[in-house]
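In what comes next, subunit A is part of two complexes: it sits with subunit B in the first one and with subunit C in the second one.
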Partner chain A sequence: MVTNIMTGLQNISGYIYPNEFELHWGILIVVYPYLTGLVAGAFILASLERVFNVKVLQPVYRLSLLSALAFLFVAPLPLLVHLGHPERSFEMFLTPYTSSAMAMFGFVYAWYLMVVLLLEIWFDYRKDMVIWSKEKRGLMRFVYRILPLGVTDVSEKSILFDNKIGRIITIIGIPSAFLLHGYVGFIFGSVKANPWWSSVLMPIVFLFSAIVSGIALILIIYMVTTMFRLKTMSMPCLNKLAEFLLYAIIVDLSLESLDFIQRLYESEESIKILSEMISSRLFLSLIVSQVILGSIVPMVSLVWARFGRLPDEMRRMAYFIAAILVQVGIFSTRWNVVIGGQLFSKSLRGLTVYKMQLFGLEGLLMTGFLLILPLIILYLLSKLLPPWPDSEAKVQYSQAGDHGLR
Partner chain B sequence: MNVLGIPKQILALAFIFTIIIAALVVARMLFIPPSFGRYGHYRADAVDEVIAQEINYAGYEACIECHDEIYEPKEKSHHKGVSCEVCHGPAAKHVQAPDEFVPGAPRKRGYCPLCHDYNPSRPTGFPQIITELHNPGKACMTCHDPHNPLLPHTPEECSACHREIANTKRVSHHASLACVRCHTVPDEHLVHPKFALAQAPVEREFCGECHAKDADTGRDVPRIDLDTHGERYLCWDCHYPHHPEAR
Partner chain C sequence: MKKKKSAPLSRRDFLIICSKALPFTGLLFFPFTANRLLFGQEIDEYDPTQHDYAMGIDIHKCIGCGRCADACKKENNVPKEPYYFRTWVERYIISTEGESYVDSPNGGIDGFPDLKGDIDILRTFFVPKLCNQCANPPCVQVCPVGATFASRDGVVLVDEKYCVGCRYCIQACPYGARFLHPVKKVADKCTFCYHRLVRGLLPACVEVCPTQARIFGEVGLRSSPLRRFLRFNDVVVLKPALNTKPKVYYAGADGEVR
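Showing the complex of A and B:
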């Protein structure tokens, strides 16, 4: 036992309380805000095309929606796996406990899934599904017959109505997406006893980092899928994505710097241990990965690629590398918030370390699985509801002006 | 075609959402126990179920009635806060039928370490041992009377009771300092620690004896200017003396 204690003591520095030796929130809780951030970011990107009429983003509109849905399906899984009793989450819906912010997440999630994403996708794809139900054969024909819920009217008036409602849902969806990810920041920001988390800026910083990660994700998925489909990438679309990514990174980095500078200026009693944590335990994940590789390098490369005189191939390569680095950076951001907040002692006198498992429910392999799962779901969704601009079904109206299909 | 001017899309979705909401309502009716919410956000019947459970513990007042000869010394000992049934187990049946049910007494070595084995989270001053090193193989009762657990002899080292501090100090820059270098320990403290407390320094000049600019100590000892360093604060407001992190 003495040997165990002495070995353990070598991993900590300074003084920590006995119950701070082991971290309670591990890598799964890092994955959870990362995934919800991707959902919110992807949806906000989709809304740019729909609500703000950025028509050049049309090639990624449906892809963004489907990506948001695929990642949303997986978003609560890290929490369920972490808690160990997934069946109990059902009770949250049966007996809602309104004063628990964590319990209310169930309703925020259900609202976002049922009222925002599924409805918007249904209204957007209804016309296509009706047409595919006549073109396809076998099982897919059957599926496409069920999915429009019996509404087979593809008249111009009906499609206009679909578009109008889709637009209204997107307008509702933007504050909902803000709520979904702002909520995650709220959970951390409202932990008063933790100086690393307790900040009113937390939900805002989470939100903007979500937008950054969502845009970068769609950029990566669009480039990879277009390449594998042997199609030509829309350069105006990529340029616009890169521009929005750049602006989002600038706002995100400014907000985080503001938060950091304010902490330095306030210089509360925690500042010494937090500085020590940043310069030792979090140096790689915060300074190197989040700030340099995840923010400054992508920012510089995006400015260089977007506004410099470069051939398209080079430009695409720069965008792609920047987007990958942004993903690494945002994952590090989540890591630094979740793990960083537990590395220092509440006595503000010492630091502990996080030892990640490889196997087991909360291990690295499970994390890898949860990060790959949304991509598998997205692949299946794209088979069911192809999001590519060239696969959109076209309605052909007869000259007589009837509202049916030819 | 529209029904009552409502588009078909809305009707179809309203139908689906009605089914989902109805399913939720039915699920609530089926799964929420009827007594849920009567007193608060929990099942009220759970209270009756707990009340209906068999009573196993008699409470120490019941023990005193017959065993006052044990209670009296125990009440004056360090174990006065430990109820009889903590060691002897639930005794409600014993109270009802004293001869039929006789509660046991832990006589093996493994029981006392449940409270007295070293654990850094235990409060300082709480007697703790490292079981493997402390008189291996001997039952605790050989030397200690659990009803009046006085130590057979005065502890030789402070770590007998202050093990957490001793372990922390052992890996610190202050490892080579004896406890009495800083603490004044009255003899009575070794016998009645709670009535005669050891004293700790109260002035910053005490730390200055080693750490002031002009102190007569080794060159590797960190030095500060007492007039300017830390201003009005006491040294231990910032530095934990048992593990001073400043270099």
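Showing the complex of A and C:
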């Protein structure tokens, strides 16, 4: 670490406070809002089908829910790994300091996991699990017998009740998803010491970028999984996803531009060092990766693919590439917020550098692991609770009647 | 009441009375030493509610020797590496064109290098920096577990047995006064040498300053040197627009200082 910082010294321009030589929030803290954003975005997409009755999105409804859950499991891990004393992390639950934005994360997270996602998934899959518990053999049969928690009634009435509750949970879930990620934005936006972060728009920008990344993620996962399952993709569904993705990008880019223009126009004390940072240290990740590759190119290609006259294969290809670019763009957005906010000195007199490590708890490999882990969890979840439209269990009333298992 | 005619005390009588009283003066100190004498204990009489500390810094007096930063590191076992400081000294060089150049090599502990290049110097000065012990501390506000807190005597402290090392406070400090202790993995910062304060001593940096550029004392006490400093100087605090209400007051600070 020492050598890392010593080499860093040579790359410092201007004056920074001596305690600023070490960057305190590294790539793991970039991963954290990125993952949380994917959770919120995927859930909001699921709610489109459930609450707003966008029926063409049916094929990705369950997939969105499971993806949200898989990513939510991993979301707090980068924070935990990054703590100086992870063993004390439970103090945030036991003795939270209520004025701290960070202290509330545990509760928002718990609420979202327990009340929103797990409940909704349970209500959504309960009928299926009851039926699978009769169809499957061996261990899986046992698992499916436990998971409905004894509620094995699959009568028409009980399924209607499940649907109703599921809908209510989703309605509660939308503001919760907004809360989850808007709140992550607030963690940064409320730091008045940092002119790069301190902005009322931060929670809103975070939210819309979350929606962008969530839709793009589901688009990617849906295309890849359907391809590997050798099924045909639902083109209306893909078109709808692409449309929503396009609208979300437009809103997101507008908000970010607004923030940017406002800063430039107000031209406060910090503008000199921030402009210097954008044109040097952040040029690649902000201008090239976030704005051009991550927003403008996907936007143009989505418009072209969705509204142009293209064969379906070309269209799918364009959607896929746009979605991948969007992921790169949103990751850069998180990078630019978290790392960018620490590259300039709070003395507003100098710039520093971030040297990423390869190994170690806060290194690149760990980051890669944390980004792949949710996909592994999603794979396992999809084995347990298949989210595919064709695998949904159908109740055969002629056989099962309305008695369920016994 | 019956008035007694009192003759002025003669010098002789005065001295006699004094000499008689002398053996009893020891009693005056007895309450302070009783615990130690009788129980071998330190007296636990420090009452934080009776104090309200602040620091004044007279920029005109600072010669940039860096002894304060050095003393601080030694007194508080701050890691020696040049990027962990509870206090440090900055050198400002303002050119005739109005450009300002700031540096603080090793926090000023080893002094400052000669100026190179052809800057047309208008004025130069040194600025000692430390935690501002804000009355409205953003670091305390953001700590998720309440490990950093403002004590009743106005000093912002970190409970190192409680800090989870999330570093949110470091981000929230506008003055760069906090760092993560590389060994303890907890947030660390200036405490005004709290362990010395409770014994009635001055912070180490104040103690060693050869020019008395650092003035320490009670805000509420008329006789304190700090009160005098605040009375006779035009003082400013750093980054007042952030409403952190610092309790480190600078006399003679340039507008360039931030």
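Quick note on the criterion: the second predicted complex is superposed on the first by the 385 of 406 C-alpha atoms of A that agree within 3 Å, B and C clash if a C-alpha of one lies under 4 Å from a C-alpha of the other, contacts with A are read in each partner's own complex, and residues count from 1 in each chain.
As a working rule, a contact is a pair of C-beta atoms (placed from the backbone, for glycine too) under 8 Å apart; a residue touches a chain by one contact, two chains touch by 3 or more.
What you see is a predicted model, and the numbers here were worked out from it, not measured in a lab.
> Following superposition onto subunit A, is the placement of subunit B relative to subunit C best described as a clash or a fit?
On the shared subunit A, the partners clash.
> After superposition on the shared chain, which partner residues are touched by A:Met235: those of subunit B (first), subunit C (second), both, or neither?
After superposing on A, A:Met235 lies clear of both subunit B and subunit C.
> For A:Asp162, select first, second, both or neither according to whether it touches subunit B, subunit C, the two together, or no partner.
The answer is first: A:Asp162 touches subunit B but not subunit C.
> Thinking of the overlay built on chain A, is A:Ile171 touched by subunit B (first), by subunit C (second), by both, or by neither?
neither
> Is A:Tyr97 in contact with subunit B, with subunit C, with both, or with neither (first, second, both, neither)?
both
> Does the superposition put A:Met356 against subunit B (first), subunit C (second), both, or neither?
So A:Met356 meets neither subunit B nor subunit C here.
> So in the superposed three-chain picture, is A:Leu149 touching just subunit B, just subunit C, both, or none of them (first/second/both/neither)?
Only subunit B is touched by A:Leu149; subunit C is not.
> What is the contact status of A:Ile372 with respect to subunit B (first) and subunit C (second): first, second, both, or neither?
In the superposition, A:Ile372 touches no partner, neither subunit B nor subunit C.
> Is A:Trp25 in contact with subunit B, with subunit C, with both, or with neither (first, second, both, neither)?
It touches subunit C, and subunit B stays clear.
> Spot which of subunit B and subunit C makes contact with more residues of subunit A, would you?
C
> Taking the superposition on A as described, I'd like to know which of subunit B and subunit C A:Ile261 touches: first, second, both or neither.
Neither partner.
> Kindly point out the stretch of subunit B, out of 40-48, 58-66 or 112-120, that overlaps with subunit C after superposition on chain A.
112-120
> What part of subunit A is shared between its subunit B contacts and its subunit C contacts?
On subunit A, the residues that contact subunit B in one structure and subunit C in the other are 1-2, 5, 15, 17-19, 95, 97, 349.
> Give the list of subunit A residues in touch with subunit C in this complex.
For subunit A paired with subunit C, touching residues are 1-2, 5, 15-22, 24-25, 79, 82-86, 88-89, 91-92, 95-97, 99-103, 105, 187, 190-194, 341-342, 345-349.
> Considering only the defined contacts, which subunit A positions touch subunit B in the complex?
Answer in residue numbers: 1-2, 5-6, 9, 13-15, 17-19, 93-95, 97, 114, 119, 122-123, 126, 149-151, 153, 158, 161-162, 165, 349-350.
> Sort out for me which residues of subunit C touch subunit A in the complex.
Going through subunit C, the ones touching subunit A are 81-85, 88, 90, 101-104, 106-107, 129, 138, 141-146, 162-168, 170-180, 182, 184-186, 242, 258.
> Along subunit B, where are the residues that touch subunit A in the complex?
Answer in residue numbers: 1, 7-9, 12-13, 15-17, 20, 24, 27-28, 31-32, 36-37, 41, 118-121, 130, 132, 167-168, 171, 240, 243, 245.
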